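Chain IDs A, B, C and D follow the sequence of writing; residue 1 opens each chain.
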Amino acid sequence: MSGAVETALDPQAQAEKRTAEMWAEDTASKAMGMELLDVGPGFARMRMPVREDMVNGHGTLHGGFTFAFADSVFAFAANSYDYQAVGVQCDITYHAPGRLGDVLIGIGREVTRAGRAGLYDVAVQREDGTLIASFRGNSRIVTPRAK
Amino acid sequence: MSGAVETALDPQAQAEKRTAEMWAEDTASKAMGMELLDVGPGFARMRMPVREDMVNGHGTLHGGFTFAFADSVFAFAANSYDYQAVGVQCDITYHAPGRLGDVLIGIGREVTRAGRAGLYDVAVQREDGTLIASFRGNSRIVTPRAK
Amino acid sequence: MSGAVETALDPQAQAEKRTAEMWAEDTASKAMGMELLDVGPGFARMRMPVREDMVNGHGTLHGGFTFAFADSVFAFAANSYDYQAVGVQCDITYHAPGRLGDVLIGIGREVTRAGRAGLYDVAVQREDGTLIASFRGNSRIVTPRAK
Amino acid sequence: MSGAVETALDPQAQAEKRTAEMWAEDTASKAMGMELLDVGPGFARMRMPVREDMVNGHGTLHGGFTFAFADSVFAFAANSYDYQAVGVQCDITYHAPGRLGDVLIGIGREVTRAGRAGLYDVAVQREDGTLIASFRGNSRIVTPRAK
């Protein structure tokens, strides 16, 4: 496929192409049982059921998995263009615990991009819309995409 | 066991007792292959080997597992007293990627406690001492320990 | 004024009443030249012209003032109900520098409230809408409002 | 002065030289009454008395000034080498309020540097050593220093 053809990709097609590439090699997100629901330029929506191996003896989700899920949503939202971006700094505020049996929905949206830097917010919810955690990630473009 | 006896626990014994209680129910940390190396008042040191199911196709550790590991170290450092504390807000800066085959060492130290709030720093390193990530966690006491 | 009457305040009236109380004693925000443009439940919009004493020799705004401005917007958004809340943890990402002559506009919105905790985002912009910085603040209710 | 001579500067001399350059143009830090106490490679210690125009009607320091002070300490610690670095993302946790009459002491230390990125922690204390706030700043080298 020629560079000229690739340049012609519209933003949505570009997002889907890049997402497919990322997903193909993202063994870890798949091992955690995540699924992609929706992608677009600067946007990603995913789901992850809370499993037995993710909770403590009381059925409460380990915060690390809440973060890991949000981090994947962030990665897909930040990598929906024609380059590779990595997370450099992230923070999370927990509002309510996830629980065994919950199916988490993560919605990632771009706040802004400036130069090589990007900022993304991810809302982690239960399926009923209850907000579980708010995640914010700073990304940085590391590899201008070769054609 | 009487309350009077418990009050008599010295800080190190208290830290070890509380850690044993936490560890017994922490299915998630065990499922990720973490081990406790050392605990003390406001302090915890742990290890976690990077496994195949934690990396992407290039052998790079998913940032979510770096965080999950740091988050567990934070939880044990923050729960080394006679009460239960939970993480409310955490942030992480990534310095270098973890890789398949690395054994991560996490060192958690208390910055300060004030009222019901605590602040903890966790350094995530490779076994050779290379710093992989710096984690900072804000905790909050939720349950004065009954007994 | 009786408690019964106060209970009857609608959310917008409550926000305006509480804001007026806060503003009356907020010497620091006034000394930095800030102005309130708009308030509502969980919401505040303010402005601050960048002054000579806020910039360095090259006319670039000290990041501390960008933060201080966002922090005030956060405080008013978080204190738009019938209680007193304080900031406990805040972070900021800088997208572009403020400059001498800029008039900053800060827009603060509530992400969520859960129990005594609240989370607020503040966008700091130039008057033309350019995003200068993104601020996120965690608040905590400290004094249930007596009356 | 020749480039050859400059290259020969030892780290401490380099830190002092770069600090003097920064300080000369830092109108804002001077306007807030800050003073430099000590600098070194990746290190800075400063002081700032809490003034009337920095507090609210109850004599409590506006959190924005606590941050602005920490931000300056961070800037000097991160700019103690032969290049220019800027803050890109910062966070702060407040432990206790500053008060009118307090003299704040800020101690900034480098956590690590990797490539163009640096991480710095700043402890803001009262003169008696009480910890007021913990600040963490991510910096980025923007301009390789010309000779």
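Definition applied: a residue touches a chain if its C-beta (ideal position, glycine included) is under 8 Å from a C-beta of that chain, and two chains touch if they have at least 3 such contacts.
Please read these numbers as outputs of a predicted model, since none were measured by experiment.
> Which pair, A-C or B-C, has more C-beta contacts?
Taking the two pairs in turn, the one with more contacts turns out to be A-C.
> From the centre of subunit C, which other chain's Cα mean sits the farthest off?
Between subunit C and the rest, the longest centre separation is with B.
> Could you work out how far the Cα centre of subunit C sits from that of subunit D, in whole Å?
The mean C-alpha positions of subunit C and subunit D differ by 24 Å.
> Quick check: how many Å separate the C-alpha centres of subunit A and subunit C?
About 30 Å, centre to centre.
> Just curious, how far off is subunit C from subunit B if you go by their C-alpha centres, in Å?
Whole-Å distance between the two chain centres: 34.
> Check each residue of subunit D and list the ones that touch at least two other chains.
If we look for residues of subunit D contacting two or more partner chains, we find 88-89, 91, 93, 117, 138.
> Over in the complex, which subunit B residues touch subunit C? Could you list them?
It is residues 88-89, 91, 117, 138 of subunit B that touch subunit C.
> Under the touch definition given earlier, write down the residues of subunit D that touch subunit B in their complex.
Within the complex, subunit D contacts subunit B at residues 91, 93, 95-96, 111-112, 114, 117, 119, 121, 131, 134, 136, 138.
> If we count contacts the way the header does, which residues on subunit A are in touch with subunit B in the complex?
On the subunit A side, the touching residues are 24-29, 31-32, 52-58, 61-65, 67-69, 71-72, 75, 86-94.
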